[in-house]
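Structures follow.
One chain, chain A, appears in both complexes that follow, with chain B as partner in the first and chain C in the second.
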Partner chain A sequence: MENLRLLIPEIVLSAMALLLMLAELFIPRRHSRILLHLALLASAAALGTLGLAASNPAVYQGAGSLWVVDPMSLFFKVIVLAATILVLMLAVDARRDDDAHLGSFAGLILLASAGMMLLVSAVDLLMVFLSLELISISSFILVGFERGDIKSAEGALKYYLIGAFSSALMVFGISLFYGATGTTHLLKPVPQFGYASSALFLLSTLMMLAGFGFKISMAPFHLWVPDAYEAAPTPITTFLSIAPKAAGLAMMLRVFTKLIPHPALEMTALFSFLAMLTMTVGNLTAIRQNNIKRLLAYSSIAQAGYMLIGFVTADAFGREGVLLYALAYLFMNAGAFAVAIAIGNEEGYELEAYDGLAQRSLGLAVVMAFFLLSLAGIPPLAGFVGKFYLFGAAVQSGFYGLAVVAVLNSVVSVYYYMRVTYHMFFLPPRATAPAQMGLYLYSGLALAAVAVILIGVYPEPFLSVVKSSAEMIP
Partner chain B sequence: MIKHVHWIALLPLIASVVILLGSRDNTEKSRLPLLGVAVMGWCLLHSLLILAGVLSGRAEVPFYRTLPWFEFGGFEMTLGVLIDGTAAFMLVVVTLVSFLVQVYSLGYMHADPRFKRYFAYLSFFSASMLGLVISSNLMALFACWELVGVSSYLLIGFWFEGDAPAYAGKKAFITTKLGDLGFFVGLLLLFAYAQTFDLKMLPLHFQMGPGHMPAWVPTAVGVLLLCGAAGKSAQVPLFVWLPDAMEGPTPVSALIHAATMVAAGVYLVARTYFIYQAAPMALEAVAWVGLITAALAATMAVAAYDIKRVLAFSTVSQLGFMMLGLGVGGYTSGLFHLTTHGCFKALLFLCAGSVIHAVHTNDMRQMGGLSKKMPETFITMLIGAFAIAGFPFLSGWFSKEAILHDVYRFSPAMWCAALATAALTAFYMFRLVFLTFLGISRDHPRWEHAGESPPVMTVPLWILAALSIFAGLALEHNGIFAGAVCFGPAAAAEGAEAVAHAPNWLAWGAVGAFALGLAAAWRLYGTGDLSLASSLKRSLAGVFDILEDRYGFDRFFLALVRASDSLAAALYWFDSNIIDAIFVDGWALATRALAEVQRFFDDFFVDGAVDGVGALTRDGGLGLSRLMAGKVQEYLLFVALAVSLFATFIMTR
Partner chain C sequence: MPILSLTTFLPLLGGILILFIPKERKDAIRWVGVGSTVAAFLASVYALTLFDPGLASPAPLTLQMVEKLSWIPSFGIHYFMGVDGLSLPIVLLTTLLSMAAAIYSMNIEERVKEYYFWFLLLEVGMTGVFCALDMFLFYVFWEITLVPMYFLIGIWGGPKKEYAAIKFFLFTLFGSVFMLLGMLALYFASNPHTFDMVELARSHAVFGREFQIIVFLAFYLGFAVKVPAFPFHTWLPLAHVEAPTGVSVLLAGVLLKMGVYGLLRVCYVILPAGFEWFLPFLVIIAFINIVYGALCAMAQTDMKKMVAYSSINHMGYALLGMAAISPTGFNGAAMQMITHGLITGALFILVGVIYDRAHTRDISAFGGLGAKVPVYAGIMSLTCFASLGLPGLAGFVSEFLCFLGAFPAWKLYTALSVSGILITAAFFLRMLQKVFMGPLNEKWAGLGDMNARELVSVLPLTVLTIFLGLWPRLILDIMNPTLTAMTKLFPSLFQSVR
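Take a look at the complex of A and B:
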């Protein structure tokens, strides 16, 4: 009970989640948007308490037996909460079939983000597993939230089946870990490197990697991504493409670069291969997509591949790169999806809907171009700074091949990001009316655009945050 | 004056945003484009003052000023300006051509429905290009480099109503991006070994000698940066985008694809010349890339009929000359050619634009005899042709001479090839002029319709024509250019000495090449009788096919794109068929099979057993049921008792 205060943000979120599910019953349907506002409020409050933790490290940071609150976990909690807030803002203005069950909708989002916040703090494999399941189960429901839509159901089912499969693998891995070391506590197995050679330990690590890989959409565990992303309501797609990925990456950073570092297990080549595979598969498959959600889904796979570079180097430089990229990725991906929502509300998600957007809503087309160029890593936008940091880390540590493959991949990615730009700028518009946007969508978009440009043009403040956040307590 | 040099890049940026978002009126009635023109005029003035300061020695060069930008892996990254003689000249070239092109565009684009947006893009381009020129840091230079690419993409595809411009824009962007791949990796490598991108600090790292970094690093960095330069400056094999880029509005071709952006690659090599000094092999690679490009492009220009494409190939060829100059150690001569080329190539493009504006076609086979209809355009274009072909004492002659000198010192064999290319230059340029302006009109309705362009278009032509005539002479006089633009004082002294020792007949070689090209062009195209030309074309059909095929480079890149496309298709198919089949359908299948097996098991064993047991139980149960009275509560009681018993047994074991 002594250090329960370390959990205040998670408690705030969970309490609000439960409250929302109850409140749904009492709030008339025409006022149900108030539930989303409540969820926004709770996320903001949680973000505030995180600020408290960051400003008062002596009291609000520390290690429990199952979780730790340290600069890195705080950083990723901020990312998760920022993603949650952005997504809730988008959800307010996204088109829905009906407003029933908005309480469960918002509540599940909050529960999932509480799970992610626990995940980034977890130092015990049971805690890891529980928080992963909390995220997964909430996401399964959220993906299938549009119950009238058969595609939604299919995507959710697929997501569920593969998710269940990887959970099973992971829990098997955890049991093997327990068999090999006699504990599930990651800080405990002090003579950890003694286990490194044992086949059992390696097998367990591999199985856990599969479980994490599923969450961050690492190839070859990425197969659920396009279908689930396409099926889910678009704000949920936004959410899934950012928050669980960031949280999973944070968890993996903790486990594979610090607690059981993969160089000690001689698994660096494997990680390097997985990074290359992930970015290549994501980019090449994205070329063929004609649906913006699927395109961004594959692109998000590729982005995860770039971030995996930071794991390969497994040093402070690479770790900072992952943090910085996660920050940039949060804004550019959320921004791209926000535009997708603004267009998709009226005209659907095929690329043809973007024809001549520059003629209809110039501002929207320009910010979308910013987000896409940033995702492609064109300077001077946020994505470039992140990519440069990551690729620089790879070269610094002597992984030249990996760096070349990564740069080559970012060239390939230009090809499909530019396809969207091509539709926006170089095709005649099919409608003349400017795209309609609600206030929340508009402000979310503006926030993301400003952040993408600011991080790209003046990264210093963000870099200093990233540098101080790349520390872990144990 | 030089203290405020950063405003030269910032003001056009602000102007472009204001123009883009300033008003909803998109047509020529909008006054906002005039803002862009005014800002560019101010920039031109500012650049001229800076150049005057540099040349007169009042301004101290190199002028270097930075701000801390961000910290990267423990190393300070700065944002700043570095102005030396090269940058000062480059600033003037860029602002001059930008300004004249913007003025010219007021006339050329007057009826365009996206008039305002065009000027916003132009200002944006100028801002990024000027940023590229003044930047003191390779990272910021790379950022501007990419922005230049983006604006070029937008401007090539500006008339997107047709399919070709949008396609050309994409092609340009992707091809140059392929070169940027090298640039980016080169930067990463540079950072790994030098830990800075500052152009003032970097030379120190490369002068420290072999102990400081492995010997292969300068060579690798040099070659990688050359890749980026080859993409932007349209060198072999990445030149394929430039002929297609001619789909953009002609003033854009003059500004971006002739005078400024395509020179960025040459400028990059010049700015990082210290790397090439440390890596002779990379420098020689620059020379060979330049020579091959110059020669191949010149031959391709001979076979082209699109007036703008001839000029595009000519641009590629001249850029090759600049690279060749830099590569053989002629830092000054390469950049001198860049400066003069900026003037006469912009002139030629704007003349071509004036012609196209009048006859509404690009095809020279439909022109002819236009000298009577548009005398001003004819005379200015003739001046441009004389300048580029190397007529003595025009600006192109001086710079080409200087390059040829340096090439001769490096290798007489390369000099021969370069001289042949110079002859070809004269030939295709006069072929263009003769086909367009002399002889009889080959498409009479178009000829009837044609007329001289308005003064807003011809005045820029005259200004550029004057510069094409006099710039070379003025800059060569007293070695003004060589004094301001040189790589290190030692190199300058050596260069002057070498020029003094070069054989005198060299200069006549270039004049001879010019005369030969002119004579051949006159014989084939000048007299109005094209029968010899067409019979020559028939007998050399095979050669012409290869030239029109651009030596197959286009097909090579298309095949590359197609290969990656089919790889993507294969991956997608794999993803959506195999994986789906295995994971989802397979799962379903497996579950169903399992269910079948289970059902079979259920039917034959379980059910059978249940039935059998049931029968048995029924018979036996009759007896037992009497014992248990058949109450649910009692069943549960028995179960509870049994569980407690088991538990007790286990616990007390």
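Take a look at the complex of A and C:
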């Protein structure tokens, strides 16, 4: 019990989540938005406790029995909470059928976040599995939250079936791992090199990789992504495209570059291939999408592919690249989805809804163009700095083929990102009224825009944070 | 005073100011737009008065008006600006052409606010590219030019504007991402790691020959698309023709120079062994550009397309001069950049003038306009003569220097390339004949001559064309010391052409 203090942020968050679900019963439906505000407060409080942990490493950082709190896990916990806060802000102003069950909605988001925060700290495969299940089960419900919408139900069901399948795969992998090594605890000195040639050990690693791959939408395990993303309420799409992906990547960074380093297993070529496949498949499929949510869904697959570069190099530089990219990705993707919500509230999610946006709301169109250009990696925006770091890591470690595939992918991605600007700037508008936005949506959008430009123009403070956050225990 | 930053960022200030003007007040927006380009031009002229051409030394890159601030210390990246005899004339060309194009663009009626915002942002990127001396900064400015250009072509362009805009964007980005990889390779190969062009130039000796060749090719892809060097030229006719007049001026006048400038500034100075290896291919590409570009231009019936293809031909001269690695050749190449910018910039404006009135650019649709619009006919003829290389006008001097420089080293290709001049003369004269001579096509009886706006935008270019033709030392005196020093940088390399 003595290292329970390491878990204070998670405890705060989970307690608030349960409270919110309970509070729903006592708050009249017309005031139920207050529950979203309470969830925002809870996330902010958890963020505060993270600040405490960062400022007092001697007391609030260290190794627990199944988890560690180190600079890297703190960094990703901040990313997860920032995503949660942004998503809750978007959720306040997103259109819903009714305001029923907002308490469960907010509570589930918080529970999923708590799961992600546990995941980035996990050093035991059992813990990894449990936190992944906490995330998945909350997400299944959230995807199907629009109960009146048959599509939402379909997407949730697909997501659930594939999610259950991937969990089974992962559990099987973990049990094989236990069979090969006699433990699920990754901090125990595992004689990796002795097992590298053991078929059992390799098989278990591959099955775990496949299971994790589903969660971070790595090709060829990405097929559930567009359906689930399209079906989910848009704030949840935003959430799913950022937070679980960042958390899953963080966990994989810990497992596959530190605890069971893939170079020792001679699986680097496999990782390199998976990275190339993920970005290429994501980008090529995105070209043909006419729905903004599906387009951004495929784009998010490609973005995960770029981040996998940091796994391939498996050194500090690559790891820092992943951290930086996750930070940039948080803001640019949340920003793009915020615009999608602003437009989607009134006009739906087909690309035609964006026709002539520049002549209706120039500011909104320009900001959306910025987010898309940032996702494409055009300087001086955040996405470019992230790509610069990751591509730099690839070049430094001599993965030239990977670097070339990655830059060619950025060129391809410009084509479909610019399809949105084509609708916004080049086509005549269908309506003349400017797009309407609520205060929360507006603030979320402004926050994301400022961050995307700031990280792009003056990246130094972010780089130094990333550098000091790339350390792991042990 | 940080004069280079002022030159670069004054247009940005204007652009931000424009964002705060309501879009109904079109005239205010236009005047702020033009005013910002004028301010940038004046700042660059002031930089010229501060510049001392004699300071060039054999050390790589002797720079003046240097500004160096730490920007991203984690990577040793600096905000590093400076000019020498190679870049300062191009900076002046950029601000001058931007001013001319901004004045010409005052006739734009549609979405004026957005137009001038993107236009000014484009000027920031263009000026920055020629002042930046840190690779990272260079790349940032390089890419900044892409986005405004995409919007300028895509919103205000001709019938196929959307396709032209995305093709331009993808082509250029395709080239520049390889440049990014080249940059990263240089960074990790240098010791200590740096993006500083001056440091990299000093340490070129530590890069092995194989390494230099590969990195050279990566950079070459980026620059060749911009030049555009055969076979990466296919975006050019489309983009130039579809772009609105003011933007065509900048595309041809400045953006193409980014490629040639990059070859001299980065490839030659930092990767001399790669450059040496590539020279035989460069000469062949220059030859193809000259002859193929000219032949393509000859086959056009659309005036704007003809001028666009003639740009490919003219950039071929610059590549040919560069391949000589001699003071004469380098001076020719650098001056060709300036004269082509002035002359072709003026040509695009003039083609725009007639298109605005007649709504056609078909050469055979006109006839006998010489008596109808004498001022226009005079300026157009003079500019065409300058472009085809008539002695006494600016184009002749630079083309002559390119050939003169290249001949001792590449006799065969230089001799073959001279035919390009002949073809150029043929298609320009044919156009002049069909448009201005013969009986007046009655359809154009109501055609008016040039108005004040058009004259103000084109006359500075015309005057400079005549002036530089008569007194080329005006510009050669600025460039020559730097370029001569550059040719002496690598005494042991380039033996085949010395």
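Quick notes
By definition in this document, the second predicted complex is superposed on the first by the 472 of 474 C-alpha atoms of A that agree within 3 Å, B and C clash if a C-alpha of one lies under 4 Å from a C-alpha of the other, contacts with A are read in each partner's own complex, and residues count from 1 in each chain.
As a working rule, a contact is a pair of C-beta atoms (placed from the backbone, for glycine too) under 8 Å apart; a residue touches a chain by one contact, two chains touch by 3 or more.
On a predicted model such as this, the values are computed, not experimentally measured, just so you know.
Judged by the number of chain A residues each one touches, B leads among chain B and chain C. With both structures placed on the common chain, the touch criterion links A:161 to chain B but leaves chain C unconnected. When the two complexes are overlaid on their common chain A, residue A:223 makes contact with chain B while staying clear of chain C. Of the two partner chains placed by the overlay, chain B and chain C both lie in contact with A:459. Within the superposed three-chain model, A:200 lies out of touch with both chain B and chain C [touch as defined at top].
Contact with chain B, but none with chain C, is seen for A:284 once the two complexes are overlaid on the shared chain.
Touch criterion met: A:428 reaches chain B, while chain C stays clear of it. Of the two partner chains, neither chain B nor chain C is touched by A:150.
In the superposition on chain A, A:317 contacts chain B only, with no contact to chain C.
Residues 362, 373, 378-380, 384, 388, 391-392, 395-396, 403-404, 407-408, 410-411, 414-415, 418, 422, 425-426, 458-460, 463-464, 467 of chain A contact both chain B in one complex and chain C in the other. Note for the complex: chain C touches chain A at residues 23, 71-75, 111, 113-114, 139-140, 143-144, 146-147, 150-151, 154-155, 161-162, 165-166, 169-170, 173-174, 177-178, 180-181, 184-185, 187-188. Within the complex, the chain B residues that touch chain A are 20-21, 68-73, 139-140, 142-143, 146-147, 150, 153-154, 157, 160-161, 165-166, 169-170, 173-174, 177-178, 180-181, 184-185, 187-189, 191-192, 564-565, 567-569, 571-572, 575, 579, 583-584, 587.
The touching residues of chain A, counted against chain C in their complex, run 358-359, 362, 369, 373, 378-380, 384, 388, 391-392, 395-396, 400, 403-404, 407-408, 410-411, 414-415, 418, 421-422, 425-426, 458-460, 463-464, 467.
For chain A in complex with chain B, the touching residues are 158, 161-162, 223, 226, 281, 284-285, 287-288, 317, 320, 362-363, 366, 373, 378-380, 384-385, 388-389, 391-396, 403-404, 407-408, 410-412, 414-415, 418, 422, 425-428, 458-460, 463-464, 467.
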